[in-house]
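Below, each structure is written out as structure tokens.
What follows is subunit A paired twice: with subunit B in the first complex and subunit C in the second.
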Partner chain A sequence: MADIYPDIKTWLQEKSIDTHASDYVLSPERRTESLRAVAENNFPTRKDEEWRYTPIANVVNRSIQSGTDLSIDADDLQEIKQIVPEACHVVFVDGQYSAELSDDLAAVAKQGVDISPLSEMNASQGQLAEAMVTNANFSDTNIFQYMTLGLVNSGLFIHVEQNTEVEQPLHIIYVNGPTKSAVVQTPVNFIRLGTNSRFTCIQHFVNSDESKAITIPADFFDLAEGSGIQSYRIGVESDQTDHISNSYARIADSARFVSHQYLLGSRLTRSNTEVLFDGEGAEAVLRGIYLGDNDQHLDIRTYVDHAKPNCMSDQHFRGILGGKARGVFNGLVMVQKDAQHTNAEQSNKNLLLSREARVDTKPQLEIYADDVKCGHGATVGELDEDALFYLQSRGIGREEAAQMLIHAFAAEVTQDITIGSLQPYILEKLDKKLSEISGP
Partner chain B sequence: MKAEKENPKQLTEEQENLQKIADKEYKYGFVTDIEMEEFPQGLNDDIIRMISAKKDEPDFMTEWRLKALHHWRKQKEPRWTKLKYPDVPFDDLYYYAAPKKKDAPKSLDEVDPELLATFEKLGVPLEERELLAGVAVDAVIDSVSVATTFKDKLSELGIIFCPISEAIHDHPDLIKKYLGTVVPYTDNFYATLNSAVFSDGSFVYIPPGVRCPMELSSYFRINASKTGQFERTLIIADKGSYVSYLEGCTAPMRDENQLHAAVVELVALEGAEIKYSTVQNWYAGSKEGLGGIYNFVTKRGLCAGKDSKISWTQVETGSAITWKYPSCILKGENSVGEFYSVALTNNYQQADTGTKMIHLGKNSRSLIVSKGISAGKSSNAYRGLVKVSKNAENSRNFSQCDSLLIGDQCGAHTYPYMEIENPSAHIEHEATTSKVSEDQIFYLNQRGISSEDAVGMIVSGYAKEVFQQLPMEFAVEAQALMSVSLEGSVG
Partner chain C sequence: MLSIKDLQVSVEGKTILNGLNLEVKAGEIHAIMGPNGSGKSTLAHVLSGKDGYDVDGGSATYKGMDLLDLAPEVRAREGMFLAFQYPIEIPGVNNTSFLKKALNEIRKHRGEDELDAIDFLALIKKQMELVEMKEDLLKRPVNQGFSGGEKKRNEILQMAVLNPELAILDETDSGLDIDALRIVAGGVNKLRSKDNAFVVITHYQRLLDYIIPDHVHVLSEGKIIKSGGKELAFELEERGYDWLLEHA
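What follows is the complex of A and B.
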């Protein structure tokens, strides 16, 4: 039977004393330390500069339930898997790894990639995971990271062997069944790429309309010399789901980190991506779209730390906001003192589709080296009247013309999707959602 | 990179040149030896009453000051910037200092000759300006206005241009109506402090339909050791009027940090236009980062009426610390706000400056052009806000924030905030960061221009958009200031 707690604080207190220590996958010290931090820290308020535009009172005050019946519609799941049919599918239900619903991971190992659920990690993998957490130096440390680390009992440890190009993408699906109160899920993934290896990973957060959840995931990436990853994060959760994620990527010499984020669902999403250049000649490409309607609140934060010279970062995020939705972009490019010949670009464009929609954007640069090329730009506006008129004068209805323009606005980002079947899926989702937003 | 390796000689020359700017002495560093009248150190109700009594202020002013002081006691010093500095010992400061005097001088003849000599050294010969430049100068040494020229000519048009202490006596209605309406005494830590202890400053009122025939100008100067300067400026442009106001600053060399917390309030009524220009050249501290002025200023303009316009232009080269965000509240329909800024930091200077454009009225427009130049070990940040409220239909903003770095020890930061609540808004922000490239210098070298001059040219070109906004006399001074600060800083 599911226990119900009035809010997340009460739930956390119970959970901390709880007996789950035996399930804990990182070191006992990590658990003690993280839980202490959870107890000591408060939830961020709008007085915290990094959370200025994202109030989380509604997340903190939700009633929580622990334990679920794990009932998942097999047909629905099959449909989700078919979005990337060629992929290796791994399924998490309410944050717990499901061997039954997932593909055979032993088969994947033949391609030179070791994918283990955290509960099956061996000692040396555990140490590596531990080290990744220790080395992650988040610029925005908050209680959610400590929660994830203090409670973690599921997720994946992924290691791609050196000089291996894994052709089959990994499709991680996070689903929830229908529940009465919110389920808290805190999956953590440790993704390590060996020298000159290549990997593609899709994280797909999806649940049914009746699902209530608070998703608090964390990802730790470690890219060795010359390696490259395409990392996708697709958020299409229900409007009763809150989602607060933290990702940290360390990139070594000549490695390439490409991140795509499509935030379409949830009630509130806060996505924090931090990148550390720990080697020269490396590249980070961050792409994203946030599309909000009704009362949705979508917040993207990025922090790109150019700690080494000769690296390139390129960020491009676009927001489309209708209804009473709010969008936030809060990005910072840090160029450290010795990071000469840095090339950093940061762009954020926003479309407001309704009178009640709102956007707050803060593209920031902090530069301590002189021989660098850094630029950023941001725009906010509505659909271009002239462009609408142009299309209308050619016999296209106003509604349809607006759809075309918004579609094109989004397509400039989606064109960078490298997985064939994923692009139509995203665009279809976008179009479907756009058609529900009342036109201008 | 290649050029560096092949030509190590040039590099050393560049470094020597860099050293040269670092060694540049502050040209205006001297102390006027005038007998000062000082109040006891510290701040309490009695001090406020003393300041108020000394100035023979009406009761409403004393009350206002006291309210501000009581509010200030509850406020916390803001520390959210990137600025690093030791705590200011607010309780050890002198809150009032004035040249000792028997009677208020009626003409230049009555002004202390030593004081006049000070202005002479600063390059502000009042008599000369009176005759040649056609500029009315309201000169402030420490806290009290010493001489005001051109008053007669201005009063013919109904323009009031006088020290604010005088305006409190002679025009209490205007003071009551406008003082604290743009920057209320509760606004922020430094503005509240200023409201409590402000000593003097300028007051300008332009009557309806009048175009002020000359550039109004005021030189502020910090003199007595340990004296915080708390100027208060209030400019009101009534319907359909126009005024251009210039503020220029120099301060003598001191090893102790000096606090400056000024407040400037501008009010533009329907169809009025105010142009406010600043050249700030206060003592920036020694090359080791000792001393220098702490400059915490609150400047804000209210475009109250339809079709009103406020334009801020600033050239900031001085002060150890600059904390300053000249802002516009665009309340009137079709109102326009502009902000042009060049901020140059060198050695250990720190600047955190920018603007706020608050769009409240329909069709309001704003333009931001900010050019930051960092050299030495300095840190230079642009921090700005563009806010479009729900009812500000069709508002427009364009922001351009560029940074130029000279040397690899400095920092240049950009923190733009955009808060948009109306879909018809059109907001664009662009920023770039670059350095003076070797190619550019080489190109000019090739044409017989020395590296030093080349950097000067490149930087002038970079900041040209802003200099063009300055009135002529100021533009010349600003160019000169830039080249003084940048001579030889080949990057």
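What follows is the complex of A and C.
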């Protein structure tokens, strides 16, 4: 029988160091300290500048249940795996790694990857993970990060060996069964790329319409010299799911971090991505689309820290909002004093499809170096009437013309997807949602 | 085919068309000339259904239907086509798939089968030769990065593919060099038949060296102040508009 708790804070009170995790995953001190921080800190409110546009009272007041029956529809899961057929699929059910539903990780290991679920981590992996957390210096420190570090009850440790180009993408699927109250899942991934290695990783948050969940993931990336990762986050969770994520990427000399985010689902999503240039000649490319309808709330936060010279960051996020949906883009590019020859670009464009939809966009640049090339801009607009008329004047109905224009708006971001089968999947999901979206 | 009676149109309270009359029959080519700001584009826009214009009086009947009552896409499906004076760029919408969609919407409306990709490609290849357009323009988003002349040719290509019954060309000749002009005119002449009609809006007489109109009308201050045969165009070329305006 599942125990029910009135809210997440009460649920957390009972938590001590989790037994699911290996003894090595993070130091006992780190975990105890993090749990203490959870107990001592409050959830952010709108008085907190970084959370000004994103109220989470409805998240922290949800009733929580522990344990589920883990009943997952095998056909549904198979279908999700087929979205990236060539990938190695790793499945988490309600936040727990399922060896039974996952592909054999040994196949990935053979390609030069030290990979392990957190529950099976060894001492040396644990030390590396611990160092990654120590190095992660979030600009927005919040209780959710402490939760993931204190609980550390699921996730993956991944270390790609140097000079290894892993061709096969890793497809991490997070699913939930149907539940009465919300399940809390807090997956943490430690993803390390050795010198000159290459890796592609898809995190796919997908649950059924009956699923109720609070998903609180954390990712720690560490890219050694000359390495490169394509990291995808696809959020297509149910409208009874809330999602609050934090990612931290440390990038060494000449490494390349490419992040793609497609946020289509959930009731509320807050996604925070922070990047630290810890070497020269490195690149960070951040792409994202958020598509909201009804009462959805989708918040993208980015923080790119140009701490070293000669690095390039390029951010491009697009929002499409219908119904009463709200979008938030809150991005900061920090160019430190020594970061000469920084090249930073940040763009956020939004389409509002209804009168009640709304977006708050705050692209910010803070520059302390003098020889840099930085640009940023944000737009909020409606569909271009002249373009609509042009299409209509050729015989295309107004609704269809609108869909074509929105599709085109999104496609300018999706064109950067590097996995062949993923692009049609995303566009199909977008189109399906657009066809149901509530207009003015 | 098209019958406009005493049409009065205003924008934000400002009268632009002020009692305009025009009769166009199948098989005819009409030229509408007139100084800048006389209301030529407004007429083209109102006929094709663009928003933002208030019709204060009069009527426009197309193939027996109350034209002004039809949605823009229905007008197009019923065979109307406007070649825009300023074709806009539509980022992200592929030129070919857009045109295929448009054609199939029109075919559906007529109760014809939709064309598949292969048949459509064959059709468009043929029509591209007609306007001497480079093939790579098809792969680009609609009009994006096209030169002024390429945009105008793209309009004529669309016209050739959609094969309208009534085509309105709004200053398609403006900004074109003589070669491009010849190509555009060649497109019109290839397409013209006893079943369709063209309304060619132009600022200059030179287009009419290549497209021989049956009727020429002079529009001034929202009204047709003089109509005549093709010789009227030559007279305008020689004497300008002023002599007409004085007499109006």
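Operating definition for what follows: the second predicted complex is superposed on the first by the 428 of 440 C-alpha atoms of A that agree within 3 Å, B and C clash if a C-alpha of one lies under 4 Å from a C-alpha of the other, contacts with A are read in each partner's own complex, and residues count from 1 in each chain.
One rule holds in what follows: a residue touches a chain if its C-beta (ideal position, glycine included) is under 8 Å from a C-beta of that chain, and two chains touch if they have at least 3 such contacts.
Model, not experiment: these values are computed from the prediction.
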item: First (subunit B), second (subunit C), both or neither touched by A:Ala411; value: second
item: Which superposed partner A:Gln392 touches (first subunit B, second subunit C, both, neither); value: second
item: Residue contacts on subunit A - larger count, subunit B or subunit C; value: B
item: First, second, both or neither for A:His316, with subunit B first and subunit C second; value: neither
item: Which superposed partner A:Lys9 touches (first subunit B, second subunit C, both, neither); value: neither
item: A:Lys81 touches, of subunit B and subunit C: first, second, both or neither?; value: neither
item: Touching partner for A:Lys429 - first (subunit B), second (subunit C), both, neither; value: neither
item: Partner chain(s) touched by A:Lys324 [first = subunit B, second = subunit C, both, neither]; value: neither
item: Subunit B-touching residues of subunit A, taken from the complex the two chains share; value: 49, 53, 337, 340, 350, 352-355, 357-382, 440
item: In the complex, subunit B residues that touch subunit A; value: 80, 388, 390, 403, 405-435, 491
item: Subunit C-touching residues of subunit A, taken from the complex the two chains share; value: 385-387, 389-398, 400-401, 404-405, 407-409, 411-412
item: Touching residues (chain side subunit C, partner subunit A) in the complex; value: 48-51, 71-73, 75-77, 81-82, 84, 87-88, 90-93, 98-99, 101-103, 105-106, 109, 141-142, 158, 162
